[in-house]
Amino acid sequence: MIAQTVAVALLGAVAVWFGAAVFRTSSMVRSALSLLASMAAIGGMFLAMEAEFLGVLQLMMMATEMAIMAVFMVMYMMDPGGLGQMDMSHQKRLSLASGVLAGLAALAIAFLGGWGPVAATAPDAAAQTRALGIEMMTRSLLVFETAAVTILVAMIASVAVAIARRR
Amino acid sequence: MNGARLGTWTWPRRLAAWAIARDLQTFVVPDARLARGAGLDLAAAGLRPVATPRHATVLVVVGALPEELAIAAAIAHVQMPRPRAILAVGSPSTPGLPEPDVAAPLGQEALRVGVATLRRVLAAGAFAPDVEVAESAAVQTRTEFVCPMHPEIVKDEPGICPICGMDLVPRETAGETSPHTRGHGGMDAHAEAPDRPETAGDAYTCPMHPEVVQPEPGRCPMCGMNLVPREDAVARSQPGHEATPMAVYAGHEPAATARVSHAAHDVDHAEHDAHAAAMPDERPIDHAMMGHGDMGQQTPMGLQTASHVAMNHGEHANHADMAMTGSEADATMPEMDHAAMGHAGMEEGMMDHSMHGGFMSMVAMTERLPRSADGLPMEWIEAPFGPLFPGLPGGLDVTFTLDGDGVAAAAATVATARGVEATWLAPTETFPDRLAGVDPLAPVAYRLLARRALEAAAGVEIDQSIAYARVRDAEWERVGSHLGWLAEFGALIGDQWVADRAAELQIAVVRLTSEPAAKLIREIRTFASAVARAPLIARRLAGIGTTAPNVAESVSGPVARAAGIATDARLEDRWYRALGFMPSVREAGDALARLHVRLAEIGASLDLVLAADGYRGEGPDPTLSAHLSGAGRATVETPRGEARLRIVVEHGSVVEARLESPSTALIRIVPDVSVGEEVADALVAVASLDLSPWEVTP
Amino acid sequence: MTTLLVALAIGAVLFAIGLYGALSQTNLVMIMMGVELMLGGAMVNLVAFWRFLHPERIEGQMFVLIVMTVMAIEAAVGFGLGTARFRAKGSVEMEEAAELKG
Amino acid sequence: MSTLQHYLVLAGLIVGTIGLVVTLLLLARAVGQTRAEAGKDVPFAGGTLAPKPVWVRYHVRYYGVALLFLAFDMEMAFMYPWAVVYRELGLPALLDMGVFLSVLFLGILYGWSEGALRRQ
Amino acid sequence: MTAATIVAALLAGAYVVAVLEGWATTGRFQPGAPLVAGLALLGRESVVPRRPDRLLYETAPVLLLAAAVMAAAVLPLSPELVAVDLATGALFVNAAWAYVMVALVMAGWGPNGAYAMVAGWRFLGQLIAYAMLIVMPIATVGMRAESLATTAIVSSQVGLWNAATQPIGFVLFTLAAMAVAFIPPFDLPTAPGELAGGVAAEYTGVRLAIFRLARLVLVVTLAAAVAVFFLGGWLGPWLPAWAWTGVKTLAVAAAMFAAGRFVPRLRAEHLLQWTWKLGIPLALFNIAWVGVTLWWADR
């Protein structure tokens, strides 16, 4: 149990560190890879919280997603190497204030909320994956099929706007 | 040893030195094909060719290097990590390169001995208590500082960009002494570029309000910005402005880009000069218009002034960018300073408005950038693929302007220029040898060319035995040359089997003496038909580097024949006609067609060799009068196409010689076949031309 | 309990960083990064709730899957829009997207 | 072995990998240090000293496929749990997944027809 | 202990694979060559290019090695000899391989050289091509085993190997596996002739040694994955279980290298087109095929 807490805290610290690094570096590639590291650490937290399928999935999905993000950053941002140490932000104070405020509010809810008893054990990973599959095919079937349609819409939308029509 | 690592001997170092001496990764200069053409089998001698000097221990120098190539070799050498060694084959030392650690004469046995010596030298000298640092002038760099967004800002010391306030970043540029400062006549162009007119600063205007004109510097009464020197008078008088690379790139026509960045130096020069002169001058006007144009729409909070300023300068940057991607870049050149100086007044103005950390308009930054076919304005980089690039002939210096991994513009030149035709002038006895030295990739064809020109001058006819001996020689050379090309080409497209087998057969052809060659001929035929039938190779090459009809007409040889033009100098030769020669022609004009033409030519050449008695060996040449006078011309179909020679002989000496070589035409079509392709395909297209940098005449 | 609180705290901090990033950045892609971080924080909370409050109810995990899908879709559509905008204006700066705001 | 111990082994392997790399680096350092020379640290560019800036806006030509991939990739998040229970649920599950995948494949077909799959 | 055995086996496998690769590329069988080459690289200078993104440059080879080791950790040599028998092993292997791409993108961007950068972004395109062909065949393998654990997947092949029951998946996966490990003809990111070494171009000395070691380990894991998922892993008569996995892995690796010797490198564009226009429809068909055959068998 203590090991679990320590692991969650450590990986969480890594996630937060890299999350902050995203906005602290001026190199776009570093920025995207920092986000990847943050997301991978979150995946690690999932593993530490015994959500194995989700953790591994997060590790995998985010690697490709963030690498593709890096590509788009390098395409559309000036000075992607961050050589000029350019500052690309605005309304800093406002953002900082909202960030801190939102964070405090969330923390307050986390610590003040009565969460009730904590479950000591979770089902093992194989059972989780199986349960997830059954859930998907039974009660959440509609959610599952809706997800397909949503993804389809996203694919159509992004292709429709992004691809230049040729003569 | 020259390239030893610093350190006294300890047992781990001994072990490492032993291993290094066993594992000889090799970078070959000028290229491996030339080595094989000299009959050297590097792999059999224990050398393992690799694609980059970064991974190599041994720099193998084959033959004598011309000056520019020697500089490139020196750079490659210094980029090899220590311990590194130089093995010179066939030439004891090369000016510009450090002394070779081992020198071996040409020949496989000598190479084997040389490698053995090299192993001993490396094992004994990989580490040394004191090492010299290579201080060749060629590899000297000086550091300058440049703004990442505004390439025209180049300073000698660190600081911030006067335009946008970003930190300047250091970068190297080649030392002033190097004649090879990123080629294409860049340096010369800059030296010749007219200086910025001294009289330019006679009127001052506001960058935002062109109607404000004052005789002395000051602030604009309308917006308070610092005034900048006005130079529009000069700008209008520049007729060449339309022809700047920028103007061409702004259009979406890839064909147009191809035209601009030809290897032809004078074209570049002209454009460059025009551009350099026009650039500073037109700015105030453009800016002013831009600033006004956008002012209405764009009002981010409290940033109006600053963003306008940025916008103007963004545009500046793009002018400079354009120049850089277009012809030889301003960025590295001394001339750049003067471009930057042109804005001196304006920069100060910007400083006042302090853009530090401010908002910079991307719209303005990208507005004038070249757009790709899909409409995205991207930045282009210029990447050199040569003179020492593994996939291309050594000495061929191709520069691709890369738009992502696509080639947006290409320029080709050679680093093998070895002086002028005057050096060939010689007595008639030695003239063929001199001319044979023109192109180490086709010495037989050039010797034959010289002989035939001399005989034409003398009016001598040759008999059948000599003619057949010449056919055999020339055709064997063609077979060897095509195989050598195929080996390099196979390595470029990553087909190990083709590369290895073709290299093996090339060496066998080169080493062939007068013994019967039936087995070799059979093997070559089998190999050629296997390559011709390989479906994946066909997929890989089809449609790459297709030559337009007018482009194909400008060249000769296999490249023309692959595009359906049945041109071949051998058709004019009565001995070839007697042997029943027919040229091999394909229609498609792409890299695949060129491969097929060469494979078919290998077969046809073997047929000719067999028809002309099969053996290799030089025939006796007819003797010429020692006091020959006259003029002669000859044409020979070299493996790359028609080479034409005109000579004037006086009293047994060649006093004038003019050569038209096929590669001189081929190098001009490099942009035509490569622009618009993906970089790997562009390399395939260039390599499929099989041009020999050695025979390119200015 | 401690682990739950630690996880929730981390989720909160990630959310805060993401919000800060989304608000302070001028660039579409960077803003999307902020949003992804916020979603990441949300996912941490969801998994923590699932694990420590109702590990027997798999809907918690299903919900995380949906959030992940949302992240991917957001990325795809966002980059699609970014590409279109970059083609049209040469910029994905939000400062310069005034006309998008109407 | 509990699940968390599994992850501990994985973490140990990562640490071991890093340890191996550090050892190799130290070993190489003990053999000798790199000697600075002019031009040596410039990236190889065909035997030229090419100081042109490389980190610029890079035109990635496959962004059309990349966009499709971003969305299509999610399919596997749903497919793996389904794969595990497929034999248990039988043919209806295959049909459910068939509908799901066909819907997604429509997206690919649309992208194909719009030219998203070609080099941009 | 098991983990140590697996690591030892992995290193041994990497060595043999290095010999095999040398055999395929130079045409000579030299069992000592990798050792000599490794020592030589250790003894050579390791030049750091001027002003690289040092962090990315240094991390990339380590990440590549770590990713390969992670993938190896869940692949079983025998029922007992598996470092970590994760319940989601098949997915975990995928996740580990995804970081191969991340490492190569870092290696491409880090040194600030044109060839490396082109090569690095190229590999991301390669991932977009091969990723689905890795993911979907593994899912069908999981369908048959009713589990994502690699050991369960091997056990499910007792009657008949997956290569026989789902040949389309087998072929697609093997080709995609070659693309993951950038074995010719899929060696777009290193492309010796085209990009002078590509992502590896600016790595020298010990860093190059680490990079190459990582690549070899990666090849081992991919060959092992083909053996485990499709060729019945440890199943086989006479020999001990671990030996069967080892033999199959090396045979697959040798076949991959041998095939790569005779074909030209694929064009980046063709790779994307073929995988998305042909590969993915085939992989989807494979899912349907496996679904129907399993249902028929279970009926």
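Going by the order they are written in, the chains are A, B, C, D and E; count residues from 1 in each one.
One rule holds for everything that comes next: a contact is a pair of C-beta atoms (placed from the backbone, for glycine too) under 8 Å apart; a residue touches a chain by one contact, two chains touch by 3 or more.
Please read these numbers as outputs of a predicted model, since none were measured by experiment.
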Strictly by the touch rule at the top, which chains does chain B share as contacts with chain D?
A, C, E
Required minimum of steps from chain C to chain E, each step between chains that touch:
2
Upon omission of chain E, how do the remaining chains partition into touching groups?
one piece
With contacts counted as C-beta pairs, which pair of chains has the highest total?
A-C
If you average the CA coordinates per chain, which chain's centre is most distant from that of chain D?
B
Work out the mean Cα position per chain and let me know which chain is farthest from chain E.
B
With centres defined from CA atoms, tell me which chain sits nearest the overall protein centre.
D
Compute the distance, rounded to whole Å, between the mean C-alpha positions of chain C and chain D.
21
Centroid spacing, where centroids are CA-atom means, of chain A and chain D in whole angstrom
16
Chain centres from averaged Cα atoms put chain B and chain C apart, in whole Å, by 48
Per the C-alpha means, the centres of chain A and chain C lie apart by a whole-Å value of 6
Note the residues in chain E that touch 2 or more other chains, in rising order.
42-43, 45-47, 50, 86-88, 91, 109, 112, 114-115, 121, 124, 128, 131, 147-148, 196, 201-202, 205, 268-269
Multi-chain contact residues (two or more partners), chain C
26, 65, 68-69, 72-73, 75-76, 79-80, 83, 86-87, 92, 95
Hey, what residues on chain A touch two or more of the other chains?
4, 50, 52-53, 57, 61, 64-65, 68, 71-72, 74-79, 81, 83, 90, 124-125, 129, 132, 134, 136, 147, 151, 154-155, 158-160, 162-164, 166
Tell me, which pairs of chains are in touch?
A-B, A-C, A-D, A-E, B-C, B-D, B-E, C-D, D-E
Complex interface listing, chain B residues touching chain A:
147-149, 161, 164, 166-167, 169, 357, 359-360, 362, 365-366, 373-376, 378
Note: in the complex, chain D contacts chain C through residues 63, 66-68, 70-71, 73-74, 77-78
Chain A - residues contacting chain B, complex:
75, 78-79, 81, 83-87, 90, 163-164, 166
Applying the document's contact rule, which stretches of chain C touch chain A when the two form their complex?
1-30, 32-34, 36-37, 40, 43-44, 47-48, 50-56, 58-59, 61-62, 64-66, 68-69, 71-73, 75-77, 79-84, 86-87, 92, 95
Which residues of chain B touch chain E in their complex?
5, 12-13, 15-20, 22-23, 43, 48, 50-52, 54-55, 57, 79, 81-83, 126, 169-172, 381, 383, 389-391, 402, 404-405, 490-498, 500, 536-537, 539-540, 678-681, 683
